[in-house]
Amino acid sequence: MDESRYDIGWRTLAGINDEAGERIMSLLNDIAPDMARLVIEFPYGDIYSRPGLDIKTRELITIASLTTLGNARDQLKAHVQNALKSGCTKEEIIEVMMQMSVYAGFPAALNALFVAKEVFQREKK
Amino acid sequence: MDESRYDIGWRTLAGINDEAGERIMSLLNDIAPDMARLVIEFPYGDIYSRPGLDIKTRELITIASLTTLGNARDQLKAHVQNALKSGCTKEEIIEVMMQMSVYAGFPAALNALFVAKEVFQREKK
Amino acid sequence: MDESRYDIGWRTLAGINDEAGERIMSLLNDIAPDMARLVIEFPYGDIYSRPGLDIKTRELITIASLTTLGNARDQLKAHVQNALKSGCTKEEIIEVMMQMSVYAGFPAALNALFVAKEVFQREKK
Amino acid sequence: MDESRYDIGWRTLAGINDEAGERIMSLLNDIAPDMARLVIEFPYGDIYSRPGLDIKTRELITIASLTTLGNARDQLKAHVQNALKSGCTKEEIIEVMMQMSVYAGFPAALNALFVAKEVFQREKK
Amino acid sequence: MDESRYDIGWRTLAGINDEAGERIMSLLNDIAPDMARLVIEFPYGDIYSRPGLDIKTRELITIASLTTLGNARDQLKAHVQNALKSGCTKEEIIEVMMQMSVYAGFPAALNALFVAKEVFQREKK
Amino acid sequence: MDESRYDIGWRTLAGINDEAGERIMSLLNDIAPDMARLVIEFPYGDIYSRPGLDIKTRELITIASLTTLGNARDQLKAHVQNALKSGCTKEEIIEVMMQMSVYAGFPAALNALFVAKEVFQREKK
């Protein structure tokens, strides 16, 4: 029975962003519903639910990773929103992205900052 | 006069790891001494010295980025050491690397954990 | 005389997707016509035409590679179409992409699935 | 209770390579034992155990992905061994790697071929 | 006083493209003005201003790097413009991108060529 | 008949480094001899042999690309040697690598400089 793990994942994700679970389900529902389940179970049920790091730090290291990857614009947008909801300040998010210029280069850092700009502007409205 | 910026960088890096500056100089001295200077000035003088994130968080996001890159083994080793010196626990470092399996894949996360294992074992002696 | 190699490439590509050759030519014609020729000659004339793997398997490993790269959306779209034309099922294509979450991370796998969704929806019409 | 999922993963991995599970456990045991469990549970329990692709094809697309990543030498070595144990021929493995020159470039393809060479030579003894 | 370094950067960038500095400032002004300053200071003040390579060669190696990265479309577009302004010919830019098919794969090379095509077409008007 | 293309590739590569062709053949001979042939034919027969860029510039953009990739150490070593043989100075090679810190990050640039250091030291003996 995997249900408890799914439940842990759903509760963990809902604790960060209460619309994110439904959004993942609806995006994947008609193409790969099992993948939607795995997104709840593995990242949120197995990883984010672990003690050892608070959610705020988990969101900042995710932003560091997605900025470094440089090809996960939609996921970065979602995690900038999740970081804000988890109590990260805009300044902290921007600092993470700026620091990535050292490790992943300026284009990666700049493109992440433009994503943050877009999310921050939408949040203001 | 760029000296103050170099000084800020040197002091910031020495505050993290007091042998790191000399090590960078000696590695680059006979091939690209200007690059050694730039490593002190830009990452440490311009970025790590900024307010907005404490050094502990800066080391964790660097570990997230280097784990994601997957091809910067020596730099990862150095930053695991720096993270420990900055007050990060082994558990926190391992959590960051485990979480990277979600974004950068299992090989990247596993190879980072093997680097951490090597550093932790050497520290013990 | 490189013509026979070009001919092998053209025939191999046409055997997969009879519009793909013309499409590559027209996209590159006014910027780099030699590159269009090289696309026919090297990937299709030198590689896909080889025995040792059937075209179906070749398309699946290409989808694995493009999903892993994560920054080749248009090429992934084209190869999802080619995979379908080569006899791969939608389920097989989705399984390849889901498996990539293990090696290239969830964002890469998810973004590939969204590309597949787009291609599958267009095919239905 | 996650045990059934762990059991599925262990059985799936043992079906491919009966020493691999123990090897993963021993490598991670003193640094991140939970990660060893997650390697069994997610890649093998959740993904490789799925119907829709046979293990042989799953190993070939993994080799395609690891060749493309280019920085997962140990994992590539392990999967070349697993591919051979799953019934892939040496020729098929080489064809996958050669094809990756098209998508990931020649250095990635060549470095993968050198890994395959090393594994094939050891198998012969 | 870092001003001279900023001034060197601004002059160097203006010598390549006299609108680029203002464009970077306006893009980053309301999200991360310090990052705009760092873009002037580090890449242009510290690197492009160095002797040892002429600007034309610097633009060509930047195009090689951005083509290889494959996820820095806007930066590639800007550097194709800068390369043209620095005296690179269209043919040279295309040759750099074509050569990248060897090291970074065909999708990276093709996507760069499509960016060049877009810039060249706009320049003509 | 592909021989002329192979011959062009062999002559082009021999013009850069007269031992490189034999070295590629011997490395690949017992694992993938067709791949050795393709390395001669595509990179050297189809690309490096083209007019539009001199060999010196071709070696510098290759070094830019391999530095950016960060996981092609052996190929980078070979091309640093080829760049020296083609008339590039050590200073030019170092400048290319230093500039890559802007686009690919400091770890990529530093690891490339350490490769160059190794090649330069061996050349001296």
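Note that the chains take the letters A, B, C, D, E and F in the order they are written out, and that residue 1 is the start of every chain.
What we mean here is this: contacts are C-beta pairs under 8 Å (C-beta built on N, C-alpha and C of every residue); 3 or more make two chains touch, one makes a residue touch a chain.
Remember, it's a predicted structure, so these values are computed and weren't measured experimentally.
Asker: Among all the other chains, which ones are in touch with both chain D and chain E?
Answerer: Per touch definition, common to chain D and chain E: A, B, C, F.
Asker: In terms of C-beta pairs in contact, which of C-D and A-D ranks higher?
Answerer: C-D
Asker: Could you classify the chain B-chain F contact as same or different, where same means more than half of all interface residue numbers appear on both copies?
Answerer: Different, since most residue numbers here occur in only one copy.
Asker: Quick one: which chain's Cα centre is the longest way from chain A's?
Answerer: Centre of mass proxy via C-alpha means gives F as farthest from chain A.
Asker: Farthest chain from chain D, going by the mean of C-alpha atoms per chain?
Answerer: When every chain centre is compared against chain D, the largest gap points to E.
Asker: Hey, how far is the Cα centre of chain A from the one of chain C, in Å?
Answerer: For chain A versus chain C, the centre distance works out to 30 Å.
Asker: Take the average of all CA coordinates in chain B, do the same for chain C, and state the distance between these two points in whole angstrom.
Answerer: About 39 Å separates the centre of chain B from that of chain C.
Asker: Mind pulling the chain C residues that touch 2 or more other chains?
Answerer: As it turns out, chain C has residues touching two or more other chains at 34, 38, 42-43, 50, 66, 69-72, 75, 94, 98, 101-108.
Asker: Any idea which chain A residues touch chain D in the complex?
Answerer: 1-2, 4-5, 34, 38, 41-42, 46, 50
Asker: Of all residues in chain E, which touch chain A in the complex?
Answerer: 27-28, 30-32, 34-35, 38-39, 42-43, 66, 69-72, 74-75
Asker: What residues of chain B sit close enough to touch chain D in their complex?
Answerer: Contacts found on chain B: 70-71, 94, 97-98, 101, 105-111, 113-114, 116-117, 120.
Asker: Sort out for me which residues of chain E touch chain F in the complex.
Answerer: Contacts found on chain E: 42-43, 47-48, 50, 52-53, 57-58, 60-69, 72, 75, 91-92, 94-96, 98-104.
Asker: With touch defined as at the start, can you tell me which chain A residues reach chain F in the complex?
Answerer: So the residues of chain A in touch with chain F come to 101-108.
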